[in-house]
Structure formats: C-alpha cells, structure tokens
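You will see two complexes here that share chain A, one where it goes with chain B and one where it goes with chain C.
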Partner chain A sequence: MKINKIILSFISALALLLSTSVTSFAKVVGDKIILGSAISLTGKYSSNGVHTQNGYNMAVDRINSMGGVKVGGKTYKFEIIYYDDESNPKRAAQLAERLISQDGVEFMLGPYSSGLTKAIAPVTEKYGVPMVEANGASRSLFTKGYKYLFAVLAPANLYLDVAIDLAVEKNGGKPVKIAQAFEQDAFSQDVRLGILEAAERTGSKIIIDDKLPKELNDMAATLAKVKAVKPDVLVVSGHTKGALTAIRQIAEMKVDVPMLAMTHCDAAKLSKQHGKNSEYALCASQWHKTLTYKDKFFGDGMKYAADFEKEFKYDPPYQAAESSAALLVFKDAFERANSFDKKKVRDALAATNMQTFYGNIKFAPGGQNVDKPMVLFQVMCNADGSKCENKVVAPTKWASAKLIHPIPSWSER
Partner chain B sequence: MNKNIILYAALLIFGLAAPFIFPAFKVQLSILCVLIVLALTWNIQGGEMGYNTFGNILFYGLGMYLCASVQVGMFFPLAEWTESGGEKTFVHTPTQFFQGMAMGLIVAAVIPTIVAGLIGYSILGLRGHYFAICTLGLGVAAGEISGGIEIIGAGQGFTTPPFPDVGSLEARGEFFYFLSFMAVVLTFITVKSIYSTRFKLILNAIRDNEDKAEAMGIQTMKYKIIGWMISAFFCGLAGGIMGGLVGYIDSTDVAFDGREMGVFMVLMAILGGKGTLWGPVIGATVFHIFKEGFWTFFLGWQYVALGVLIVVIVIYFPEGIMGWLREKYPERFGEVVDEADRKAQVELK
Partner chain C sequence: MDFLIFQVPMLTLQATLDGVLLGILFALIAYGMALQWGVMNIINIAQGDLVILGGYIAYFMYLWGIHPAWGVIVSPFIMYFVGVGIYKLVINKVVDRDLFISILATFGISILFMQLMNFAFGADVVLANSGYGTTMLFDNSVTLPNSKIFSAFISIIFAIGLVIYMKKSKLGRAIRATAQNARAAKILGVDTEKVYAATFGINAALCGVAGALISITFTIHPYMGLPYTIRSFMIVIVAGLGNLPGVAMSGMGLGVFEEFADYILGTEFRIGSVFLLLVLILVYRRFKLSRKREYLK
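Let's look at the complex of A and B:
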C-alpha cells in the first residue's frame, strides 16, 4: 500500500502550506487604522457592492487627505481590507471570521444588503468587534439585541410606507387598493412589512401580494394581474434587478397604474438606463444630493455628488453616500474615544450624535439611525424625454418638485 | 495492514490537533470537513453507482433547516423567533444550546434519510441524464418552496441560535470543528465499511450495466434507494452542522445552494477521482485550498480560476487525481503490472 505514502506526504504538504500562509495584520499598524469589509464584488449584488466600495474608498481618501484621524495626539490614516463575499451570506460569515481571526481586524465596515449583514452580525458580535454598516436596513437586524452593530441608515420598513400615505392623501383620504411584489430576501420582505402596516393603518386593501425570486429577470405574471385588477398603487422592491425588471416590463406591457413605488431606482440608474420609460416612478431613498445636510469633509450633497461623479464617472446613488458616511462616523468615534480599545470605540459609537452631508446620525439602542428620515423622489423628464432626473417630492421639507399623480396612461405618454 | 494503521492514526491525530496548530483556520477547517462529507457521499451515487445526482443538496438544506428549527423549537416558540421583523429575541442557555443541537442533528440526519427513501422510490427509476435533470429540479424547487414558508423565516432568512457564552471566544470554533471532524470520521468509516462489502459490488454492477445486474437477480431499485438514503443521512448531518457554523440560513444561498455546494460536491469528487475511497477526500481538500487561495490573492478572479481548474481537470485528469496516480504508479495501488504488458502499452501509444 504505497498509496499511504502519497497521502501522508500530501497531508504534510498541506500542513506546511497552512502554517506558512498565516498573514497577520494588526488593527493598527504604524499610522494606519485597518478596517475590514466583505463586499459583493461578484454575484447578484455586485453593482450595489461596487457602489458601497466606491463610497468607502472615497471617504477614506478624503479623510486621509484632510488630516486623518487623531487619536492620542497621533495622526492615523484609514485603510480597508476587502474580500469578495460573492453576494452569498455563507461566504460573508466566513469572511468576517477570517477578517477578525486571521487578519486581526478589530473594526468592521458592513457589507451590501440586509441578508449579508444578518450573516456577519453574529460573528462581529461574538468577537466584540464594532461594525458600522451602511447597507443593511432590515428591521430584524435591530431587534436581536446586537451591541456592536451600528447602521447609519433608516430601517427598511420605513422605505415605502410614506408612499401609501401619499396615495391615500391623493385619493381624498380614502383607502386605496395596493398591488405589491417583493423579492424573497431580507430587505425586500421588510419593505413589505412596512407596506402591510401602512395598509392596516389607512384601512387600505392589498389585492396582489406576490413574491419574486432572487436573481429576478421576469415579473410578467404579476404585471398581467395588475393590468387586470387595476390597483391604485403598485409597489415593487427587489434591489437593482427588481427596479430594472419592473420598469422594463411595465413599459413593454404598457401597464397603467396611478402610482408606482419602488426601491433602488438610483442604484439602478433608472433615469439613465430607461429614460422616459422610467418617468413618474416614485422611489424610496436614504439620501438625495439636494438635501441640505452639511459636514466639513464633503461639504454638502451637491458637492459630494460632483466629487463622486468626477472620480467614478456616475451620479452617486444613496448606497454610495451612506457608505461614505459610515467612515465619517468611525472617524468621529475614534477621536471621541481617543483610544483603539474595541469597547471604548463601541461606547463612543453608541453616543454618536453628528451631522454629515448624508444626514444626521444618532443611534437607537438597537443600532439603527433614528435621526434621519427617508425621502421619496420621482423620476421626471423634460418635454422631449432626453434628460431625466430624480426630484425629491416628499417629505415637503425637502421637496424640490410637486408629485405628479396620477401617472398619465401609456396612450397619453 | 500495519502501514494502514499508521496512516489512519496520523490522520486522526492531525485532525484532532489541527484546530490547536492552526487556531486561526478553525472555520475553514470545519468547512473543509463538511465539504469532504459532501464529496464522500456524492461519490456513492456519482462514483460507485454511476448516477449523477444534483439532488444531494436537497438533504443538506433540509438538514440545515431541521437542525436549526429543532434547536429553537425545543425551547422557544419557533414562529416568534423567525417572525418577519424579528420582534422577539430569546437566548439559549449553554445546556439548552447543546441539547438542542444534539437533538437537531439527529433529526437533521434522520428526516432527510426518510425523504431520500420516499423520493428515491419514485425517481430512482430514471436513468442517465433524466435522473440528473430531475434531481437538479429537486434542489431548485426546495429552495423556492422554503423561501415561502413563514415559520422558517421565508425570504427573511433564519438566524440560528447564537453560540452561548461559555467563557472562551475560541469555544465556538472548536465546538463546530470537532463536530464536523466527527462527522467526517463517521462518514469515512461508514463509507469504507460499506465499500468492503458486497454492497459496493452491487453499486458497481449498477454503474457498469444495470440491465445485466437486474438480469442477474439483483434488486437494483432496493440498493439504489439504500445507497441514496446513506448519502442523505450524512448530507443532512453536514447541513445541520453548517447551519450552526454559518449562523444564518437563507433558502437559496445557504441551504439549498445548488449553484455552489451542489456543484462543488460533484466537482470535488471528480477532481479527486470518482469511484475511489480517497478520491473525494483529496479532491475536497485540494479544491478547498485552491479556492481559499484564489479568494485571498486574486480577489474577483476566483471563479475564473475555478473555471480554468474545471477545464484542466476534464482535459488532463479525467479520472481525477487518484485515477491519474493509479495510472502512473499502478504498483503503488497494489496492482501487479507485468513488465511485458507495460512495454506493449507504451508501444501502442
């Protein structure tokens, strides 16, 4: 049985390989604060993953070039270790483990999407590693009692319930008929919960309640039903692909509905990709460049958008803006903690109360940001449809345009 | 025989010591163990029996959901745990956690075995491509169905109970490592022992010519079902462990992950050499190291590299690593080669 020799030598080779490949960074090396993040660079969330990464990188460059982080009288610079989580929660959890136990990272930035954040949070919690995340909005993240999780964004159930209120208001205060279709993932299902609550509150009826598959490319069945039953509002949520699919097929099938409420319009670059077809879509957004929040690193939203466009050649979706804000929160917390002790940084994070270009940030005990309302914008085009823009229509405090309701039918457009 | 004992002892010691020698790699090592279990069990169908199944992921996912559900459901109302929006949080005491896990793993192994028996009875009559496509459908369907069942979290996913605080940060990693290592040992011993019986010969007979095997009086259906049930048992177990290890179950991305795990188990078995005992073990190990390596050093290119690996395997090692070794050094595999034969072969080439 010479085969044994082969297997034995194989195992020793493996052992050797493993023992030599331990590369350990520490949390703070020289003048660098090392943050870790698993990001969806491939897979179904890759476009949003890239928005997130661009947001992170932009803030790192900006903070580093504007004096860095001052802790204990010394100046430090941010650096981020990225891994590709392939849009897969299993991988994300493994990578979090790897960042912490192998790479020695002690401060984490969140991944893209609620599902992946849900997979990572138990790991960071176990090691007591503070994580500031900018792209996990599912409410279930904030009811688990996590102490080291901080989200700069508003929870997902608040995304579109305002749209239902608007529809009811436009309907003369009378309940409306709602058709809805949501992707089967943590985020979209939470948006659905928000709608259910709004429906109950306003006495509205849900007449279509469909689930859409992940990797969604077709929702013709739902739209056929919508055509038949004529609801007052159609709500669709399914990340970037959901938004693109909905607009493409609504235009193809000429579905007339008085109000179309969605998420991820700006991440999907709807107004650019589908132009006039996407007109009148009402979209939930965590941020819009016309909001008037300010900070000293990025100035205001308009300036952020201009700088972002210069660097990455596209208009920043809110996913990028909130990701940049996460770094500002970390910087602020490090300086207030004046230490790299995980516990102290965590406590400083919990006490955060600041304004950034992206909005006010103040964390509830559950970790969600309670100081920043959602906005709704509507895609509006000029007369010949050559240029389409997202204009904020609600809440009225920031509205730069008036909501167009009902949406003109396709025969009139 | 002596050498065999030395080998197994060395492996066992290596396995037991591994988490202490490489403390930072506990999670990867645990996953390696799960991968080996999946490859070993896939090989029972794909390698020995010649039935290329993509359906083993069904048992893996089923085990994952079952284990977590039992672990929660034994002590707390499951519906409240998984309620969308997650309004309630319960905390397992260490005793509850371990009791739940033990019970969960038993259920996670037994129920898929029964399911395999039932499904096997109805679809193992299919052969060749038809069987492969049918099982592919099983995994996809299970993913979509489970994504709609509210009590297991539906599209929201299912957060498995967090590991209880037992004083040490390393405890969780060690616990799951030894659990998965035990699963590997158990699977290996079972597979090895059934391969030394008539059962393996029957599986091989089915692979080589099922009609002839039937004509010889073998009840092929019975053996096919038993084989699949054995696979299901260990796949379910592996799934249960993996669920706890990952900490979050998603219907299509973690549990019924046919696109990744479902394909990987086939790939690993083929890479190592299907139809051999050690092939899947070696295949899984090489595959895992390869993938982890690319993951770290060639960020974003890992799937390209994987594609290249598959092409290389198919072209240069169609019989897998073990098959290639066997052809190259037949005497090391205990095969007697006649010198004249070898010369004749060389001349033929």
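Let's look at the complex of A and C:
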C-alpha cells in the first residue's frame, strides 16, 4: 500500500515536471537562434564531450560579441540547449527526438564520437533538421545518403593513410611491410580501411593485422609479434587507451620499429603522460594550432589556442577547434540562406565554401568535408625529455619540422 | 600468422612468462574474493571497481610526485576503510540474505562506484609511470617489464603475509571460525559483525594493492573494473573457496591461458575467451555434479 502511494506520487510529480517543461522553444525566439545538442557530459566520453562543449561555447560567445548573425536585415544571437547523453547512443537518439519534437529546435550541433552521431543522424534526417557535426568521422556516416548531415572534419579513412605514403616515400618508393592493430569500433575500423587502401595503392604488405578489444589494457602479444617479424611501420588505433597502452608497452618491451603511427595522441595527453617514451610517435590530427588557416572571428590557430587557453585553462585539442568551426559554418549558412527555413538553410550548408581558422570547409554530397587534409604531427622532446612538443611533419605544405625517420632504436635512446 | 607463437619458441616462452606474472596478480584479487565469499557467502561484483579505485589512489600519489610503488602501502590502508564503510552501509543488510540479493546489492555498488569515479576523476585513461625499466633475457628476444615482475613479487608477499595472519592472529582465527560456522562462533563469543566488517575491509585492501600494481603495469579507467571481477570470479570457481594454493595455480593458469588465447585467437578474443572458459567450467562442474547424483541414486 505504502509502495503504491510512493509510486503514484512519483508518477504525478513526473507528470507535473513534464507538463511544465513542454513550454516549447521555437527555432528562433526574439533575437535568438536556438541550436540543440546532445553531448556527453558524463560517461566514458565525458572528457572529449567537454572539449566539444567548450569549443561550441567559445564560438557562440565570439560570434555573438562580434555582431551575431544577420538574417533578413536583423541581427540574431546564438544560443545552445545542451542535454547530457551519458555517452550512450540510445539516450542520444532520445534526446535528439526530445530537442526537436518537444523543445522545437530546428538546427542541431553534433554530439561527440562517431557512434553517437550515427545514433542521432537518422532522427535529424527524419525531421529534416540540418545538423552540423564536428566529432563524428566514421565513413559510414557519409555513405548513407543523409541530406541534412554536415561534418566539418575529414572522414576517418583519411586519418593515417598519409603515414603509409610517408613510409613508402622514406623507403625509396618501394612497398613497405605494415603491422597494424585496431580496436573494433566504427571509427578505428574506418581508419583501418584507409590503411588497407593505402597498402593496396602502394603495393605494401600487411603482415600483422590485429584487432583490439574494447577493454584493452594489455597488447604485449601484438608487440611481441611485431618484435619477431620487424615491420617497417606499426599503426595503432584504439582511442586514448590504445595510444597509452601502446607507448607504455613499446617502451617496456623495447620494440624497435622505424615508424609508429597512431590516433588520439593529443586526447591521450601522450607526451604529458609518457614523456620521452612517446617521442617520435606520429599522430593523426584534424587540426594543429600551427596551421596557418585564418578567419575574422578567431584569427589563426595560434590566436585561437591562446584565447581558448585563457578561457578554459588548457591547450585546445582538435576536438574543441573543430567544434568551434561548426558554429562558423552555421553562421555563414544562415546569412547566405537569409532565412530560417530548414530547407533553405540545408541548401546553403551544402553550398558552403569557406575558410576558417580550423581549415577550409566544403562539403561533398555525402556531407563530409573534402577541402581539409589531415595533418600528421610527431612528438619531439628536448634532450632530457622534460618538455615534449607536437610538431607537424606532414603534409609538407604545413610542416613545421622535419620528420625524424627511422625512429632510433631503444639501445640508442 | 596466427600460429607464429609455435614457430618462434621465444614467443612461447614470452607468452608463458607474461601469463604467469599476470596470473599471480589476478590470484591476489581472487584471493580477496575467495576470502569474503567463504566467510560471508557474498559474491562481490564490485571487486573490480575496488581494484580500480585502489589504482586511482596510486595514480594520485604519482601526480603528487610520490613514487607510485608506495601505493601498495598507502592504497590498502585507505581501501580497508572504504571496505569497512561499504560493509556498514550496505553489505551488513544483505549478509544473511540469499546469494541473489547480495549479487544485486554489489552490482549496484559497482555501478555507483563506476559513476562516482568517472565523476570525480574524469573519463580519461590514466597510468602511473614507475620508471622500473626492463629485464632482457636471451639476447633481447624475451623482454619482461620490471613493473610486471615487481607486481608479481608484491602480490606474493601480500598473499603469504595474509596466510600467516589468518593462521596466527586472533582476528584471523575468528575469521576462520566464522567461515566454518558463524552460529557456533557467535555462541563462543566471536563478534561476527566485527569479523564480517574486517573481512570485507581486508578484501578491499587486497584490491587496493592490486589496483596500485595495475596502475603501474597497465592502465586504469573508471569503467575497466568488470574484467577483473570476472577473472577473480572464475579463478575462485575453479579453485574453490579457502584453497590458497589452488587460487594461485588457477590464477597463473588463467594468465597463461589468456596470453595464449591472445596469440592464437587474437587480442580481440582475449576477454571473450575468459568468458567462454568460465561457461565451459561451469557446464563441466554441473555435468560432474549431476553424474555424482545419479551415482548416489
């Protein structure tokens, strides 16, 4: 009896809460353009989720303080409604549904990670709500024929294929032997596809092709194999834990390999956590602050990094930079569309062709950004390893340091 | 490629040694589980999360500039009180109930711990560097990280210390008496409530030691606890309760099994193969039991 009462009162409280929160926002309220985003503020993606949110907020403040968005002769300001998706795809899809059908949001910003973007994209597509996303790189997002999805970043299959080209080039144009270990999630498997294509293109051979589990914290077996077969390049992609585990065990097991290419180095704070052991690792990055792209809101990368550091007290990872770029894209599209009609904004987004501090942005029909190459940086340390820096080494156009190749053997380090 | 391990004998040796060192560490966690399972009849699903929490203690010491190896001393101290706290708040209410209730309760604690750690420490994967270097054997073809050797060594010391403590000390005797027959122990003046709290505390302390060692050898992350729970559960199932040599042997066996599974099936099946083995062992045990019953009929 008592329990029934409790349940009843709980339900009525819930109903009350719901009925009060349905006061729907419209897409544009007064002089505000309301954007919605489900974002991982808790759960396993929370650190990158926060980078994403910081990137969004920084751009909102900057655009609003520099005149806002001009549509139909009137000035509007951006505002974002955030919900915490708990790093859970199902929750993210529910929240997208809620943002659109309850809160009346008509323009969306993406969540963090390919998996969550994949969960949200069908929802935004169903309602014809344009979504600009900055943190879902999986190629499968761009092959589904989505019309309302736009990604400011390069797709995952382009993350590390540059490294294979580089290895071949250093090998005098001859094919190389590749060892690779990839986690089995959408993103890493796309990176793997990119490597397979690069291997085929260059005639290179893949001699170790390991898959890493989600709960990875030991890859000694893979590395022992690498040690035994001596490949020319070792490629590892398993998010931050893959990068950290690989560097720790490569150093402990003294695995000598001429080139080591990875993803998620800056998210893993590789050089901070591992110091000199992380030296010479090559890392794929969407953006680096030394790149010289420019726009009028943030200036260039160095300026962005300095402003970001001032506001949030840490060096911006590329996850933050690309998130900021997403808002620049929205602003540009609204002004060109000169309307808040979803269809017109969508068409304006599709016709985007602009430069931001983060890079050039131009969308392919699938929605991915085709105008911005990935960069590779190499971790370089001073003699005693007290200070390590990431220096861009490829593509040559943006390089700020020369690639060190091959990696010196552990007996010399 | 899959069978490279059998073509290169050094790899076989490498895998075996890696497995043994790893297995000793697993055995330490399993020993704690066996102890409190035996005494209180509670299967602690939060075991792995206690391990990770212990790891974070060592990690924070490392951040404050203290060598993380001291974590094996500090972490069990703190974790002992965490364990007693959990006992006083939750476990003492389920200790006399059936196994299902206690599994649910500890499962809840596990989820709570994961979320709290994620909230307090962030979702980043972290590690503590011991700077212990590497031991090279056979002309650099077999490498053993000293951190792994250190882990195994410390685990053995703690296990032996605990065995002696259980045999000689008053509390140890009280714990063993309670495990044998809680009611009789109570009648003879043993404060079983205290014994239970101490047992849970000791288990948490062992998890703390293991966690500190894991932060030195591998990586820690708020959501990485469950595989450690599963492993220790399995080791205990194989070895049985109150059988320390059995726990040590089955721990090492599991370690070696995992390493070989890693080489032969691939790293992606490493944890999967542990689950598969668990199912096989449970089925086999059941099969054996049912045969026995038929025989008795």
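Going forward, the second predicted complex is superposed on the first by the 389 of 413 C-alpha atoms of A that agree within 3 Å, B and C clash if a C-alpha of one lies under 4 Å from a C-alpha of the other, contacts with A are read in each partner's own complex, and residues count from 1 in each chain.
By our rule, a contact is a pair of C-beta atoms (placed from the backbone, for glycine too) under 8 Å apart; a residue touches a chain by one contact, two chains touch by 3 or more.
Remember, predicted model here, so these are calculated numbers, not experimental data.
Visitor: Could you say whether A:A228 touches chain B, chain C, both of them, or neither, answering first, second, both or neither?
Guide: A:A228 contacts chain C only, not chain B.
Visitor: Counting only touches as set out at the top, which of chain B and chain C does A:D210 meet: first, second, both, neither?
Guide: second
Visitor: Output check: A:S140 vs chain B and chain C. Expected answer is one of first, second, both, neither. What do you get?
Guide: first
Visitor: Does the superposition put A:Q184 against chain B (first), chain C (second), both, or neither?
Guide: Both partners, chain B and chain C.
Visitor: Who touches more of chain A, chain B or chain C?
Guide: B
Visitor: Contact-wise, after the overlay, does A:N157 reach chain B, chain C, both or neither (first, second, both, neither)?
Guide: Touch status of A:N157: first partner only.
Visitor: In the superposed arrangement, does A:T240 touch chain B (first), chain C (second), both or neither?
Guide: In the superposed model, A:T240 contacts chain C only, not chain B.
Visitor: With the two complexes superposed on chain A, say which partner A:K289 touches: chain B (first), chain C (second), both, or neither.
Guide: In the superposition, A:K289 contacts neither chain B nor chain C.
Visitor: For A:K254, decide between first (touching chain B), second (touching chain C), both and neither.
Guide: In the superposition, A:K254 touches chain C alone.
Visitor: Have a look at where A:T42 lands relative to chain B and chain C in the superposition and call it first, second, both or neither.
Guide: Both partners, chain B and chain C.
Visitor: Name the residues of chain A shared by its contacts with chain B and its contacts with chain C.
Guide: Dual-contact residues (chain A): 42, 87, 184, 211, 213.
Visitor: Flag every residue of chain A that touches chain B in the complex, lowest number first.
Guide: Those residues of chain A that touch chain B are 1-8, 10-11, 14-15, 17-19, 21-22, 24, 41-42, 82-84, 86-90, 93-94, 97-98, 101-102, 115, 118-119, 122-123, 125-127, 138-140, 143-145, 157, 182-186, 188-190, 192-193, 211, 213-214.
Visitor: State the interface residues of chain C toward chain A in the complex, per the touch definition above.
Guide: Listed in rising order, the residues are 1, 4, 8, 10-11, 14-15, 18, 22, 115, 118-119, 122-127, 129, 134, 136, 140-141, 143, 145, 147, 214, 218-219, 221-224, 226-227, 259, 262-263, 266-272.
Visitor: Help me check something: in the complex, which residues belonging to chain A touch chain C?
Guide: Checking each residue of chain A against chain C gives 42-47, 87, 181, 184, 207-213, 215-222, 224-225, 227-229, 240-241, 244-245, 248-249, 252-254, 268-269, 273-275.
Visitor: Name, in rising order, each residue of chain B that touches chain A in their complex.
Guide: Interface residues on chain B, with respect to chain A: 3-4, 6-7, 10-11, 14, 21-28, 31, 84-89, 144, 147-148, 154-157, 159, 162-163, 169, 172-173, 242, 246-248, 250-254, 257, 260, 278, 282, 285, 289, 293, 295-296, 299-300, 302-303, 325, 329, 331-334.
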